[in-house]
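By written order: A, B and C. Residues from 1 in each chain.
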């Protein structure tokens, strides 16, 4: 029988007006519901007819999910705020520039105009075997096509792989972890708030999703505490092209430096594992030291400890080492080597 | 193949072929409920409907007199095997099904380690029981079948002579063991092949050892064996804690059962045991037990 | 379109007074050749030249008939065919066309030379009787082959820690014979160059070796180049030396522009790294990092299992 990959399968389109209504709909439809934010992830699945939910819950009409508001301690960003809005927001630019930098490097301007912050952190894996609809572990099957001696796995994981070797490729996620963000969800049991790094899970917990949302849950907002406002930030994204591409690797760090000593620091990387990794060991190792290239080199070597390369992604090890080094010590002036 | 469709899940392979990938997970509940229903039905039957068992004539008093107070039933080796096998079996079932129905955790490594333990213990058991214990004791013999027919007749109210007392194992035990062989070996053999799908210390990883269809059928067989074992183990544990069977369970811990219990249901000419006066015992060769 | 300009030049007709009609066999348009073998400009300029000469010859003959004298004494220019010795003695193309229709035969397309391709003949006969028609087979002299060449220079800056690189500058210099249309040539050199950058940098068709199926199915997986991967400013140049095998001196550019863009960038990267890191394209960050990590030896692909 021919496999048709054209025209979205039929679904019931539900367009709630409030968070409460949306959460109830998601709870009611359970496994058969699909959350539609900006659509940049959803439509790929639906148009390829690989995922066929019975009900799609469109969040675009829910005003309370949009916008940036000041809170008692920092700001709260609605999950449906577009990436362009995040990039252009004056408070974020001024005080939480790390997030603006990261959001601005996501994809392309058109995608940022439509894509949301909540969607960016909740995006699904982009492993091309998974996205082609092959029945791998992540799709409910019992094999990983990317983890074989010959398979094409240049973008896949070097750390914490557990049967599935796909990576999380969100750019805003490591920035939010570095800013100690809190993710606010509405669940059947009411509101639930988790630290940014706890929003993401690896295949050892559940191999079919990258985040902790269960059927009936809705990510409503992301809060940035004032503790890391105005810190010294570093963000770098490595990708093949200068636009549109997912990261091969990215790093985000927030540092408080005083008297040439690192007082407090948070470092996170993404696209090396199925979830963004907060590098606690690196943070502990560099605290109290000067933010120099030497410290950075030590931190980089520590960060890649335990990395396991696959056939085509060994380059991620020196790349991660160097990016962590830069996050601590900055980018050295270019020295002509010839 | 169509008969499998309602109880399996299928996917489209990269070549567009429809292949099974695993059993439908609702079978977990089917097995659990079936096991539970069996337990309830059996308990009710025994409590309210069963007649006390009647056996044929007793053995000669001289033989009965030679039965010791502690009848040796399971050697230390056999007991150690049983409990290691049981522990690995429980680990396998919990790591297999708990993430599926309740709490998600990092189960795969524990699962294959327990599987390796089970495999080794079963291989040991097959050799040990075949060559060092009484190989024939676990297989139904002519008397078992004849008595089964007689018991059925009597259950239906028709006249028939009473059955003889059992050898070491009643027919029910032997049949159960037969089913366990099927379920257990299915799970073990498919499980051993599946070790080539994960990174372990045993084999280099080769997920393409078989075709997609073959692997799918293997996962289905593994899953069917697994859910089958849920029901079977439920039954086994139930019988183990039933009051009239507790002496047998104790014998699996301590190695012996009391003379009284032995005399209730077992026939010393069918289950020949070591006696105190073995030199004066009947002249049949005594197999080690 | 640029190649049709040759016919206009042969006939001395101002380009802005020319109307080019193309595209539809239902309107009896003759078929063009395929664009093949890197010979399009070369072949089409020659064909237009031959057809233009044929039209010119017919104009001369008609003028001679009307006004006397030998056809060779007449010249064309500015929409008129006129006597060289006495420019006032001449007729307009329009008048000549009227005469052509009245004369019929070869002048208005009813008859064509037997050398002409049968499809062209069918077209000319379908369009016959509307005016003066120039139709000919290219039988101009030809010795040897005609190929276009280009040399390109690229400057890249490589980040040794991340393997990313920027193309800072690019200069292709082409030998396309006589340049037919400078702006168009510049666009082709740069457009082709950009395509070549894509081949060198990011584009890849990837198959899974076990199943033989394409995994880079979508544009974001196949990675054609984006404008942000290009140098902001690029130059170009051309030799403009006429090719002796073409009456106009022209030849094409086409594929050369892409190949040379790709090659220049790859050479620049090799020059920057000083390593044999370019063993295949695309040269993505990992090629550079692997080359640097393994100090110029063939990249060793690290694996943890057999």
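Keep in mind that, in the parts below, a residue touches a chain if its C-beta (ideal position, glycine included) is under 8 Å from a C-beta of that chain, and two chains touch if they have at least 3 such contacts.
Remember, it's a predicted structure, so these values are computed and weren't measured experimentally.
Undergrad: Quick one: most central chain, C-alpha centroids?
TA: Centroid comparison flags A as closest.
Undergrad: Need the most distant chain from chain B, centre defined as the mean of C-alpha atoms.
TA: C
Undergrad: What's the distance between the Cα centroids of chain A and chain B, rounded to whole Å?
TA: Centre-to-centre distance between chain A and chain B: 49 Å.
Undergrad: Take the average of all CA coordinates in chain B, do the same for chain C, and state the distance between these two points in whole angstrom.
TA: About 81 Å, centre to centre.
Undergrad: If I count partner chains per residue in chain B, which residues reach a count of at least 2?
TA: Residues 14, 205, 208 of chain B each touch two or more of the other chains.
Undergrad: Find every residue in chain C that makes contact with two or more other chains and list them.
TA: 208, 210-211, 213, 305-306
Undergrad: For chain A, give me the residues that contact two or more of the other chains.
TA: Residues 132, 145, 148.
Undergrad: Under the touch definition given earlier, write down the residues of chain C that touch chain B in their complex.
TA: 208, 210-211, 213, 305-306
Undergrad: Mind listing the chain B positions that touch chain C in their complex?
TA: 14-15, 199, 204-205, 208
Undergrad: Looking at the complex, which residues from chain C come into contact with chain A?
TA: Residues of chain C touching chain A: 157, 160-164, 201-202, 206-211, 213, 215-218, 220-221, 223, 225-229, 274, 282, 284-286, 289-290, 292-293, 301-306.
Undergrad: Write out the stretch or stretches of chain B touching chain A in their complex.
TA: 9, 11-14, 16, 18-19, 21-22, 104-106, 108, 197-198, 205-208, 215, 219
Undergrad: Please give the residue numbers of chain A that touch chain B in the complex, ascending.
TA: Its residues touching chain B are 1-3, 132-135, 139-145, 147-148, 162-163, 204-206.
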